[in-house]
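Take a look at these structures.
Note that chain A is present in both complexes that follow, paired respectively with chain B and with chain C.
The block that comes next holds the complex of A and B.
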């Protein structure tokens, strides 16, 4: 791998992730609008939002850790993007693997938690307490799914997994139970209803976001675009055969992200303990059944 | 005199000089210098660690036909360097202002330094043991040295915990002694190699007893389930830097002996052949499951603590599980992870304990419900704690990630989904718990009474920073440590790991930490660019200038969320295991005290003479049986 290739991957991968993520945000808003019989925002609305948030006059900082928290939250995802292999750019992704990637995905949570903690607002801290509890809940099925996938493809490298699927059959066909359990975990990971107790605007004033203004909120917005992209591409790589080209990969990634959004409005919001209970019961059971089939 | 002899002479002189020196200042400086000298001596012996050599001490004792001798292998060297460096950090930490405050509060500083060096000496004796008898003697030394450290605190809880520890330790020693007797009975010698011979000759049932006796002895020291109850309180209730030292390395002596006796001489292959119930459960997988449960249960007990020291001490118990779990996987990468975790854990655990002690030094409390917002007052301590908790939680780029990654990778390769989930469950619980630790101490609202708190002095800052540098460097370049690990694996007969400076080479997915950390820091860099160079300028505001639903905040208002930090989770899992082990312990304690009361009563109130007659009759009868048996 040449120096130019490395640099171009380092620059391009997060950039693509950002653009795709913006479109995913737009898609999600459109879906929720259509479900509520609204028209929804115009095409460039996500960009307007980011520009507005970054350009605001009042930007309130509660201290250095508040800033660093946002940097860690965004930076952790940028690192994760580089470890996600995509068509034409998998040189650096080879250096990581699914275990490293799963751990990279926890760094933004920790970063955000640190930043919110510094704000000295109990609403934020309660939100973080709930968010971390939710992480504990959805990571258990997620990690069983990861184990199953790595065992089935006999590799911890995502590139190896994609190659296997393209040579044989897609993961969703060979491991349907694990794929469903993965979708469950995805719902929790993206914090969509019914698993959005940690935001709970009416109860804890949007929780972690309570003290975020201006570009702090903008940073979290950018983080969300990365999060959606990561979730879509990761799931597509694990179960939908990745992509031989971008035209192949992107529809899959968008489809994956569309699913949680489309079913989100069917549910009420679960309490924290019910959230753990449901995530430790059904998806874990499904995932274990799926494991039993492939082991 | 070879290097090992010189090393032990230095250690002995260090012990004597620290015991003799009455002047506090001189004592502080001298003891720190002794530890530095020990590190230098260990560095001179590094051929042991790099080439898997053995240095045998010229000194040996002949006693009743036993020959006791001492030697250094790669394994001893690895544990010794961790011990001595932890002691150096603790000693340096207490040598300055901390020691002054400790004396003002009525502590005996000289005794604390003496307890520290006694612990180091006894551990080194144990680590250098060349046969089972010297191992047992070293084992007892370690137990009593830790006890000395634990009773230094004047509090009642400390005394109670220390006594509890001693009872556990005696039980462990008895189990160990019984196992030794089994070796001696079968071979008439207490050489390490006799363990293997004795084991092969045994019947299946005896094998179980034999392995379990050894394991119980060692597991008690290491605080493995179900013997985990003594450790956390006993370690937490030790004077600050002493807790850091004990928490970092003391209980790992149990792992050392497991490695020597069970892994090297009994052999994991032999354990694998000991089927217990089903074809799925053999002795090795039983130990792996004990390890996995040890990672989970103590971690979730830690999550419920509201005292920072206890929280960390419970995590110390839990992390021991990862070490054993990795080793029990019996392959190159898992055992390397388990071994490496000993060093990694020692480095971040010592750093974390020292930060907590630093907070106690300034604020007088380690109660997580009485702190908060200290980051503005003690930024460097916060930094050390941040590095430490990232290590403890096992997130990249710190060293805890590397060793845990290896354990996970090994569990994946060996197809152990349930153990894998157990290990991850432990890690997730750790993340929750360490966030609570850092949030309740350093983040959130700063209390009025802490507004004058300043950063700790440099004598305390230097060891903390030094340890956090170790945490980062060994995470960034694990290849610095891995040659030592490879030598250990060669010495004790495990498959040897293939490594490079950045990490592990492994077919279908290795690890290169230089790349991983590089990518992560690149991500942070881009994140910082986006944050600092785009958008308007942020304005720093006071902590009371905060959203409070229309109320005005002032110093009167407590606006901090710390007590019962994870109510949802606790509501669900809080009752799952509450007290079940405590209950078991109480059952044993009350059963034993009942029996002892019974005998005491019988002896005191009934006829002592009759009892004596009874005993005499039984004795005479058994002698008669014996002789008549011999005659026929």
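The block that comes next holds the complex of A and C.
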């Protein structure tokens, strides 16, 4: 691959992720609206929100680390996007593989922890400690699922996994238990109810976001678009055979994101200790059973 | 002791929203104004009985989200402060603290007759009568209590004001707080006593935005200078 090609892919992949992510945010809000029998936001609402936030007159910064934290939160996902192969573009996916990707997925949480730490708001600190606890909770089933998938496909490269699935059967047919455990982990990773412990607007006033305003909040909105896209495409590549073309991949990714969203708006949330108990019990058990079948 | 500094950066050097000469900049400004009018995060400070009309305005019957308005939970994230009902003197302090922490451009909506002129609490000793003596109010929605249709009507009027801000100089009530700070501070001092001060240095912000006016300084700000002590982080005690 020529140098120019690589550079253009590195720019294009996050851009596409952003646009698709915006649609996913819209879908999320539409689903919540429809479940509550409302009309929901207009089509361009996610863009209005982000532009408005970046266009605010006051931008309160709490210091350098606060700024860097947000850059890390968005940058971590941008790094993840170029490791995530999509139809026609591979970026640097063949250099990285799923293990590097799992590390990249932790960077945003750590970045938020850094940034929020400097805000010195007690609600923010509680929120971030809960976010890291939640990360501990969902990462164990997630890592077992990733390990199982890598073992089954005999490859740690996402490209290899997708090729295997397109030649043989989809992962969800060959390892249904791991796929279900993966869905649980996804719900935790997206921080949606019933695992929404760290946002908790009525309890700790949106936790990590409590001091964020203007472009910082805008940064987090951008992060959310990337987050939804990454979750959808990663799950689709692991279990739903990736995609041969965009027309193939996008419906899968949207479907994957729609499942946690539809569950989310029907449930209240768990307490922190209940969250850990439930995530370390059921998905881990399912994942271990799934692992036993394929080993 | 840890010293935390709040740095407030300003987007544009001159915050007066005036037409700029570069045509592209105009298009850009208009686009931002348009987005601002389309996306409003509101902080509803449910002070009185009028708050009961907000749930129907937000949920399935009237659905505020289709107008691009959604609730937020902290003053940092919010654009609109909804004061829903009578404000007692004790509550008013909190409303002012909240208002000053919000990020410009910020808008205040007074819902209910009680915020307009005291309403049925006119004779109460503990209630602040007119909200706009203590902070600039963009839109009043009168009624005891106003129906959700009226609330949505008021919000729509605010949206129009924001969109036509540059043309008609509407929807900029928040600038008035900086330009006439002395007046608002005086009223606040009358109510809360001479010791009254808030954590936000409004005069410094006015300088930063270039919104200092005749009314920014006066008798009352002098009084404030005398009693004002610097804000230090509280010591950690167990």
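By definition in this document, the second predicted complex is superposed on the first by the 294 of 295 C-alpha atoms of A that agree within 3 Å, B and C clash if a C-alpha of one lies under 4 Å from a C-alpha of the other, contacts with A are read in each partner's own complex, and residues count from 1 in each chain.
Here is the rule we go by: contacts are C-beta pairs under 8 Å (C-beta built on N, C-alpha and C of every residue); 3 or more make two chains touch, one makes a residue touch a chain.
Note that this is a predicted model, so its numbers are computed, not measured.
Novice: Regarding the shared-chain residue A:52, is it in contact with chain B (first), chain C (second), both, or neither?
Specialist: second
Novice: Which holds for A:176: it touches chain B only (first), chain C only (second), both, or neither?
Specialist: neither
Novice: Looking at chain A, does chain B or chain C touch a larger number of its residues?
Specialist: B
Novice: Mind working out whether A:120 is in touch with chain B, chain C, both or neither, as first, second, both or neither?
Specialist: both
Novice: Just chain B (first), just chain C (second), both, or neither: which does A:40 touch?
Specialist: second
Novice: Counting only touches as set out at the top, which of chain B and chain C does A:91 meet: first, second, both, neither?
Specialist: neither
Novice: For A:160, using the defined touch cut-off, is the partner it touches chain B, chain C, both, or neither? Pick first, second, both or neither.
Specialist: In the superposition, A:160 contacts chain B only.
Novice: Touch test for A:217: chain B only (first), chain C only (second), both, or neither?
Specialist: second
Novice: In the superposed arrangement, does A:60 touch chain B (first), chain C (second), both or neither?
Specialist: both
Novice: Output the chain A positions appearing in both contact lists, the one against chain B and the one against chain C.
Specialist: In the superposed arrangement, which is not itself an observed complex, chain A uses residues 55-63, 120, 205, 210-211, 214 for both chain B and chain C.
Novice: Considering the complex alone, what residue numbers of chain A touch chain B?
Specialist: 10, 14, 53-65, 67, 70-83, 92, 95-100, 103-104, 106-107, 110, 113-114, 117-123, 125-126, 128-130, 132-133, 135-136, 139-140, 143-144, 147-148, 150-151, 154-157, 160, 197, 205, 210-211, 214-216, 218-219, 222, 271-273, 275-277, 288, 291, 295
Novice: Would you pull the chain A residues touching chain C in the complex into a rising list?
Specialist: 29, 33, 36-42, 44-45, 47-49, 51-52, 55-63, 120, 201-202, 205-206, 209-214, 217
Novice: Taking the complex as given, what residues does chain B use to touch chain A?
Specialist: So the residues of chain B touching chain A come out as 373, 375-376, 379, 382, 386, 390, 393-396, 401, 405, 408-409, 412, 415, 417, 420-421, 424-425, 428-429, 431-432, 435, 438-439, 442-446, 508-509, 511-512, 515-516, 519-520, 522-528, 530-532, 534-541, 543, 545-549, 559-562, 565-569, 571-573.
Novice: Spell out the part of chain C that touches chain A in their complex, as residue ranges.
Specialist: Where chain C meets chain A, its residues are 2, 4-12, 15, 31-32, 35-36, 38-39, 59-60, 63, 65-66, 68, 70, 72-74, 76-77, 79, 103-105, 209, 233.
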